[in-house]
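Each structure below is given as structure tokens.
Next, two complexes with chain A in common: one pairs it with chain B, the other with chain C.
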Partner chain A sequence: MECVFGMVGKRFALVVADTSAVNSILVHKSNEDKIMVLDSHKLMGASGEAGDRAQFTEYVQKNVALYHFRNGIPLTTKAAANFMRGELATALRKNPYMVNIVLAGYEKETGPSLYFIDYIATLHKVEKAAFGYGSYFSLAMMDRHYHPDMTVEEAIKLAEQCIEEIRSRLVVAPQNFVIKIVDKDGAREHSWRRTTKD
Partner chain B sequence: MARYDRAITVFSPDGHLFQVEYALEAVRKGNAAVGVRGTDTIVLGVEKKSTVKLQDSRSVRKIVSLDDHIALACAGLKADARVLINRARIECQSHRLTVEDPVTVEYITRYIAGLQQKYTQSGGVRPFGLSTLIVGFDPYTGVPSLYQTDPSGTFSAWKANATGRNSNSMREFLEKNYKETSGQETIKLAIRALLEVVESGGKNIEVAVMTKEGLRQLEEAEIDAIVAEIEAEKAAAEAAKKAPASKQT
Partner chain C sequence: MSIFEYNGSALVAMVGKNCFAIASDRRLGVQLQTIATDFQRIFKIHDKLFLGLSGLGSDAQTLYQRLVFRHKLYQLREERDMKPETFASLVSAILYEKRFGPYFCQPVIAGLGDDDKPFICTMDSIGAKELAKDFVVAGTASESLYGACESMFKPDMEHEELFETISQALLSSVDRDCLSGWGGHVYVVTPSEVTERILKGRMD
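Coming up: the complex of A and B.
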């Protein structure tokens, strides 16, 4: 029931994720932040097994930081995406990470970019991506209303439409969502869409 | 004597480990490095040999970041330094990964010193030929620290210290002139200590300042300005000394 989706706009990229932490029929908390700020200009929305999610995303974050200290410059979004894919691929036939990731990043040279990385190490560079049951609704909504070079307002409106669709059509819809944005000023939390205050 | 310095694992009859002492000699031949701890600022300064004209000086950074809040300067074999720095950087991230907390300055110093000690007690390896000055602010407490390690693997905390070429003269100067300082005063004290043994000028010194916000490398122009200030102060002090004497005649 975890919903993560993202899209690329004009000189920014957006990642939206639900904030529920669930174990079978119990909701542990509804303010779990699943979009990790990988470094100053990268966002990583992750869904899947909670333990694997934490383990893998933290491991990637520390390796990205190590690269920065060793080389004096940060990894590009493309390089980070490929690093993640490589780690997932290596673990796949032994001890797979059950994590799906939407990676968004911004570089001055290449602008915003979005990558779809699933748990069996599929890597695609895309304009819009979604994971989970919510993807049936958010992807359809984005297919209908997305166009390249959207403004932040347009993209947020589209994200809201996707969230509304998930809320009304998914049988056990998550209660709250968080929206994070990355642009030339960096990666940061944009806003929440709540139905409950946790 | 000669029989006891071949293999590192062998003590001499009078209790020396000659390889470690020879490593300390290598440090004494390395470039001068100084570190000064203030209340809100810690300064690292390193001598830069300006004889290489064709070299791109940006590729030779002598003061490096180990993490956002820790920096290191060293004197001795620079290639050995690369290895230690790499291991320390990995340890900084590894610590963050396992305990979700940044390292304290003491922790990473202990780690580096531990590594240096390991190489004084193994077969077929030689010690790392460098002494390091490690500075930083501890997470949460914000306490500033300056530590020094040496090839034997010992480490200790200092208010101000120097290593490398002419470190004794610099340490003497610091012992005479050290007082609790902050901000610009700390930077000046570090540069004054370095100027005791290094040719004056911004292109002969590399200075980095660690505050709670992070590490900042000073630009050559900034260093030149501070050096000019220091020289002006020195000249004023000289003049003041001469002036009362002339009144007597």
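Coming up: the complex of A and C.
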């Protein structure tokens, strides 16, 4: 029941994820951060198999950092997305990573961008993306209310509407959500939407 | 659901008088959920050669990257572009390499060969080539496309009429298939120019 979704606004991109770590019927913790900050201007929201998620996101983060060290300049969001797709595609027929990714990034030259990367390594640049059972609700909500060039306030309000929809309509809805934002000032945590304290 | 139907696709290529047209739908889905309505299925290899890849989106992207790589190497070595017939053989060979663990794609190749003679072909996921003189189809809507093309096609159409015919065939076929649609992407290629058009059909 993991929910990850994201959208692009005017000169920023937003990624929202639930923060529950679940094993069968047990909620281990409800403050698990599933949106990794890849580098100064990239956010990677991941959902799927817990072990694969942690391993793959860390692997990508370290490789993105390695590129930066070796070459002196950071990867673009598009390049990072293609790198991830390549890793997922190579592993697909050996030992697949069951991880779905929403990658958000900001560049000065090209502005904000959002990439949808499936666990089967399907890559597509999008304006709004969602994974998991929550996607049925959040994608529908975003289809209705999203428009290009939204302000941060409008986007946060839309994210809240999506979270509300997931909370009220998904049978085992996650308790807490984290919202992270990336814009010209970098990638950072924006806020939480909690129903339980952990 | 078959792995070929995971993302949903529709592709068609038609031969005209000294020209060809290749068209695809624009939907990217994950089974019954639509993810995007602007997915690219037709790729330009060079000015007179286009490749359409239907089937699993991930394998289509991987295959496209491998083929572009091979074509660029060919261009460096031979100092010229690949002929469509040669390219079709290359695609067939690359697909058969994975005979016992195939790419889940059905390519459609369309190009202008020697003397700008139009060439189209399709193949299955393990590289069995199927040359045709009139039209080729691929994707989840292929059965509807066969019917539509068979009735609408006539030989030696000029590029304007070819565009109309291929567009009508594509749109009417994807309307009968829930996994493909959300518009169309049509390339009409003559010896002198390439025209790219986006079609708006039933957006559902």
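Basically, the second predicted complex is superposed on the first by the 198 of 198 C-alpha atoms of A that agree within 3 Å, B and C clash if a C-alpha of one lies under 4 Å from a C-alpha of the other, contacts with A are read in each partner's own complex, and residues count from 1 in each chain.
In this text, a residue touches a chain if its C-beta (ideal position, glycine included) is under 8 Å from a C-beta of that chain, and two chains touch if they have at least 3 such contacts.
Since the structure is predicted, the reported quantities are computational estimates derived from the model, not experimental observations.
By the touch criterion stated above, A:Gln175 is placed in contact with neither chain B nor chain C.
Using the contact criterion defined above for the overlaid structures, shared-chain residue A:Glu58 touches chain B, although it does not reach chain C.
Residue contacts after overlaying the shared chain place A:Asn31 against neither chain B nor chain C. In the overlay built on the shared chain, the residue A:Phe116 is in contact with chain C alone; chain B does not reach it. Judged by the touch definition given at the top, the superposed model places A:Gln161 against neither chain B nor chain C. By the touch criterion stated above, A:Thr76 is placed in contact with neither chain B nor chain C.
More residues of chain A lie in contact with C than with the other chain of the pair chain B and chain C. By the touch criterion defined above, A:Arg85 lies against chain C but remains apart from chain B after alignment on the C-alpha atoms of chain A. Residues 85, 89, 92-93, 116, 118, 120-124, 126, 129, 135-136, 139 of chain A touch chain C in their complex. The touching residues of chain B, when paired with chain A in their complex, are 61, 65-67, 86, 89-90, 92-94, 96-97. Of all residues in chain C, only 6-7, 28, 30, 33, 35-36, 39, 56-58, 61-62, 101 touch chain A in the complex they form. Across the interface of their complex, chain B is touched by residues 58-59, 62-63, 65-66, 69-70, 72 of chain A.
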